[in-house]
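Chain lettering (A, B, C and D) follows the sequence in which the chains are written, and residue indices restart at 1 in each chain.
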Amino acid sequence: MTDNRPALGVGMVGYAFMGRVHSQAWRNVGAFFDLPVRPVMAVLSGRSPDRTAAAAASLGWAAVETDWKRLIERDDVSIVDVCTPGDSHAEIAIAALAAGKHVVCEKPLANSVAEAEAMAAAAREAAARGVRSMVAFNYRRVPAVALARRLVADGRLGEIRHVRAQYLQDWIVDPDFPLVWRLQKDKAGSGALGDIGAHAVDTAQFIIGSLLTGVSAITETFIKERPLAEVSSGLAAGSNTDAKGEVTVDDAALFIGRFEGGALGSFEATRFATGRKNALRIEVNGSLGSLSFDFEAMNELWFHDATEPDAGFRRILVTEPDHPYAGAWWPPGHGLGYDHTFVHEVKDFLEAVAEGADPTPSFDDGLRVQQVLAAVEASAAADSRWTAVV
Amino acid sequence: MTDNRPALGVGMVGYAFMGRVHSQAWRNVGAFFDLPVRPVMAVLSGRSPDRTAAAAASLGWAAVETDWKRLIERDDVSIVDVCTPGDSHAEIAIAALAAGKHVVCEKPLANSVAEAEAMAAAAREAAARGVRSMVAFNYRRVPAVALARRLVADGRLGEIRHVRAQYLQDWIVDPDFPLVWRLQKDKAGSGALGDIGAHAVDTAQFIIGSLLTGVSAITETFIKERPLAEVSSGLAAGSNTDAKGEVTVDDAALFIGRFEGGALGSFEATRFATGRKNALRIEVNGSLGSLSFDFEAMNELWFHDATEPDAGFRRILVTEPDHPYAGAWWPPGHGLGYDHTFVHEVKDFLEAVAEGADPTPSFDDGLRVQQVLAAVEASAAADSRWTAVV
Amino acid sequence: MTDNRPALGVGMVGYAFMGRVHSQAWRNVGAFFDLPVRPVMAVLSGRSPDRTAAAAASLGWAAVETDWKRLIERDDVSIVDVCTPGDSHAEIAIAALAAGKHVVCEKPLANSVAEAEAMAAAAREAAARGVRSMVAFNYRRVPAVALARRLVADGRLGEIRHVRAQYLQDWIVDPDFPLVWRLQKDKAGSGALGDIGAHAVDTAQFIIGSLLTGVSAITETFIKERPLAEVSSGLAAGSNTDAKGEVTVDDAALFIGRFEGGALGSFEATRFATGRKNALRIEVNGSLGSLSFDFEAMNELWFHDATEPDAGFRRILVTEPDHPYAGAWWPPGHGLGYDHTFVHEVKDFLEAVAEGADPTPSFDDGLRVQQVLAAVEASAAADSRWTAVV
Amino acid sequence: MTDNRPALGVGMVGYAFMGRVHSQAWRNVGAFFDLPVRPVMAVLSGRSPDRTAAAAASLGWAAVETDWKRLIERDDVSIVDVCTPGDSHAEIAIAALAAGKHVVCEKPLANSVAEAEAMAAAAREAAARGVRSMVAFNYRRVPAVALARRLVADGRLGEIRHVRAQYLQDWIVDPDFPLVWRLQKDKAGSGALGDIGAHAVDTAQFIIGSLLTGVSAITETFIKERPLAEVSSGLAAGSNTDAKGEVTVDDAALFIGRFEGGALGSFEATRFATGRKNALRIEVNGSLGSLSFDFEAMNELWFHDATEPDAGFRRILVTEPDHPYAGAWWPPGHGLGYDHTFVHEVKDFLEAVAEGADPTPSFDDGLRVQQVLAAVEASAAADSRWTAVV
């Protein structure tokens, strides 16, 4: 039994939440999808030698580096997977592309439009050399979301009138929750807006296949100061200290907008929706039908076909062989979880690389989302005035 | 068996959709609630003698008038119930109050802030004379909505952070649906905004107990022209003609806003949400818990108490004896319908009249909603700029 | 405005829970349905003169009697509506039919098969004389249930394979709940089985259009003794006494069965399903599709059409103009309540009487349900042995 | 970074549906759980050399064998994972235990009570030698099911009155679906009863912590003959032939039963519930509260606490750090899928082996389920007569 497929070495930068789930994707993609290439989990990089080595052992990486620049230089690395906080995305991704490595980069693409523009330019230049890049908006690879896109593309909804997109969480409702890096503007760029609002924007634009052209927005920081923590990561922390620091990002962002083609959109991203744990909720209303999705029930897509008698929203369990991605897994009714979306993501990425095609979402798509986020911040800073997305 | 309670004659103006459901309320309220007064369905007025007489016979009114001014003059009328389109509310209600009649007036209170101000002034003046008035925001009397208000008032949600309020319908998605009066600005004042958005605003303000202070908005008319109909009412029509007329109201209105106390609000009213038939949906997130309600499942209130272990949104079937209004009806689990909310409305109105108290929502409450609608229209006309509610 | 329709005087026996809801039906049916006859709420009978008079005043009955035999003799009574406990159904209904009165009788038809047989025989004999009778299985008149029947009759489910029917309540979970008449075999005939199981059987047979042919059953009385109450009705009681009495009916009944045509059925009736308040739940699986209904969300029918792509259970809001009964009420999305089903019931009854047709469900249908209940009790008493329904 | 944990070599027999998902478990368990031992995916065995080699490469097994007896003999195998059809479980598992290998065996434990008894005896004898065994009822490891068990064990439901357990699928509704091995009694032992009914029985007994003592049952084979297939597996097939063969197992099994402690149970297993794809549904009613679960929404547990005011079934998203298994994975609200339950299963198994403890469910537990299945078949064959589980 010889495996004649070309091997592609992967080097991953960062091993926190995103690094763990990306590892799960690289480790398992080959067992479920018949790939034209063979991914090899070659190198993991992180700053602490001990902790990086422990993570590599547990997650299945063959080697470690403590400097991502070394990782990029390695001959056994063809793909660089960027799983760091947003403030280092631009530097790492641009360097990797320059070194001829294909790049998967976590979202949001960058912490500013300027950085995102530089990355998108680098990606376009690299693509001309056959070097591929993708921004990791994983929710496009939820089977239910991919099916939603297919139904819209097939015309089943008719002309799109309304999009309602919310990303609701509640993990910082407690004022004693500490000032983790995700609440600091210099590290995270923005708060709920960039962290989860970015997903809502990308997923909505993906499903209806058109872009936001302008927005009117408000943002709010409910808790202005939080305890500093001894040691902190993005999502959790060790014990708090007595000192407090300023929260420099938004706790919540709300905006209304218009899409190319005339649809209206209502968006909300918040970490203060008590009881909503990871509710990326999208509703689309068209002239012929409607869709509704909530990631908290990620295996379900609700579809209303107004052309049928006795219509009603039907709960499609998106686990059938002919549903996107689903056929590779288990029999109907056996649902998937959060991490499966990342398996789909690297599957699509590897196939694009093998075919010499540009995977989606591209860095340009990531830039476009960044431009929406910037327009939201600009509108919120200017009395909610209508602000074009540019 | 002598009934010693004072009788109160009711005169109703209009017998279309709202007139039918108000009649249902007057006809049944005495069978379920132990009232201090005895309502008598005295007179119905309408312009067509024949159709008014037929309606009176079917709905249970003892007499008819073809001029509402005559109805107001009658000695057997103590209460005037205004069920006409919004363009005549001010004239009828002000005249009735001047004549010393208690007034129930359908919503929106009026078609403009100026009219609403005049009505509110008349109501305040009348109240000083012991004459009562109420605007008929019936959704406050859905048991689940009243329970939501009680939970917030009891502090079960803590500090309120977010309100999401949508009123979604789909009855004019078809471009061949004719130009009924609800689509004409001179008759209806506005479109989805005033017809259903007004309910969303009032219900949200009622539940959280605080007022919107400012908004940023967009409105849209998706279908600019529609067929003229032979004969038309507010909701339906006879056969269409070949001629078309301009739609002069909004099809949809979206806005974001801020409440006294710091909560953020996201609002949407549309008649183009295919598959949503009468979805008045309200979500509230507070620091201690959350609520969710959808009128399409009107006997249910979803409540999340974040202070309990293994928390989750619980579906309260609001049919228990200790739930608002519910104890008067059937055993637990036997749900109520749309018309029951009007029974509760006239019950509360009659009790207030009997006690010499001012019922709620008052004309001032109706005015406040009107001011929100005006601010929405002003913001939408001014590049979505932030507009204070005044 | 002259009403030329013939008047039909109604005399109702009993004014407790069922009497109140039947009154609501008689009082309102004419306002929503265009009837060929005009029902007149003529007489209410009850044993206590004072309480009967108070009930008549509140519920809208013109006169009272304290002996049901007098009610039957009255010339102004054409229809007798029997709302008493099951132990008096046979005597009253047979006497009324003999007196030439049309009869509506609450369910279960009787407390024994023998009584039910006598009633069915009387009804057949009366029908030959043009005198009509109906047993009040009101759940057939839930619009969603009537739509379910229509979908099955139209072949949308194909060959029926499975029925799952449960009627779940929880009002006697507390062992201190007193020994009301519904827990006494001599008054109620049986417990959960006859009170609510009868509805499950009738509704299931109605929807799939075929009859149970045999069953295997178990029954249980979880709480063997309960406090005696000072004053008690069927559902509630005044203060308990210290004395206890034996519970002589079932708390729960479970059975499996087979229908004509080969479908399998699973049934359960219990008053110990904590948290289920009035959950009459029915699922039907056929070769082409499936249905699911729960009375706790009575305006919804869930329908799965296996012949369509991207199938799923769709939530039909049964409030459209072309849905059974729904068009007479409010616009789409404005739900109905428990009492509306009784309005539909008397509407169908009055139409049948006017047309000289036999309304359904007939006393024979009621007898058939009684035979199922008897087979369940016989099987439970004989080691769950398979017992034919005869 | 040295890993000082003892390595435990795993040998798996079979690589179809169950083999794929068990491989997923062995491959990933170490990345999420901090295990006291290090599992090594040593050997896969299957009859076809080529296909076994391909499966091993794709699923991550280091070596292959074409005879399971060779696999058992290997020194690098400490654990044997039996993923074959039920007719070979007894032989393989008993041999492996005799060879001193720990055994994980798929369910149902065997195709007959006699085989299961032999296996349980072997397991007891092996346990005395420190050799461990477990039957793979994976649904016990759904976090929501484990939480259900915890709530019952903590007394939150009070005295258990009712269990409703259904396992509903629809994959053989089409009469042209071929005669795969799961429809042949000699291979599969029974049909829906053993394949999915076994899960319903085990999960119900696990959650309430008590055993079924007797049952009354019916079974049915709706489609008596099916096409023979060119090549067939358990769940799917290549193209059909013209020839037909007899279906020798049940399509559906329904039974009612009693548990130790007095609870009543209603069970149903069917492959003809159109639209239900993998609906393992369990409801439990106790004197203080209730639970409801459906595997089609596997991350949710519905819990009703009757002791709280404004009670209702609450939807617990079982993804919190303090929920069973969930903390090892992703942040709250990021759900798990079908395969994660197998990761939990091997995690618990490995921990038990490392601790020298007997994992659960044991072969004795598997035997007990087999005895229930046998009682169901006996009752169905004897006029549904009550049959004790022995």
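As a convention for this text, a residue touches a chain if its C-beta (ideal position, glycine included) is under 8 Å from a C-beta of that chain, and two chains touch if they have at least 3 such contacts.
In this text, all values refer to a predicted model and were calculated from it rather than measured experimentally.
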(message) Quick check on the interfaces: C-D is repeated by which of A-B, B-C or B-D, going by over half of contact pairs matching?
(response) A-B
(message) Counting C-beta pairs in contact, which chain pair has more, A-C or A-D?
(response) A-D
(request) Could you grab the centroid distance between chain A and chain B? Build each centroid from C-alpha atoms only and quote it in angstrom. (result) 42
(message) Can you compute the centre-to-centre distance for chain A and chain D, using the mean CA position of each chain? Integer Å is fine.
(response) 35
(request) Take the average of all CA coordinates in chain A, do the same for chain C, and state the distance between these two points in whole angstrom. (result) 54
(request) Name the residues of chain A that each touch 2 or more other chains. (result) 276, 304, 311-313, 317
(message) Quick check on the complex: what are the chain D residues that touch chain C?
(response) 157, 161-162, 164, 166, 168, 170, 173, 216-218, 220, 222, 252, 254-256, 258, 262, 264, 266, 268, 270, 272-276, 285-290, 304, 306, 311-313, 383-386
(message) List the residues on chain C that touch chain A in their complex, please.
(response) 147, 151, 303-304, 308-317, 322-323
(request) Mind listing the chain B positions that touch chain C in their complex? (result) 1, 3, 17, 20-21, 23-24, 27-28, 30-31, 50, 53-54, 56-60, 169, 171, 235, 276-279, 295-300, 317, 319, 329-340
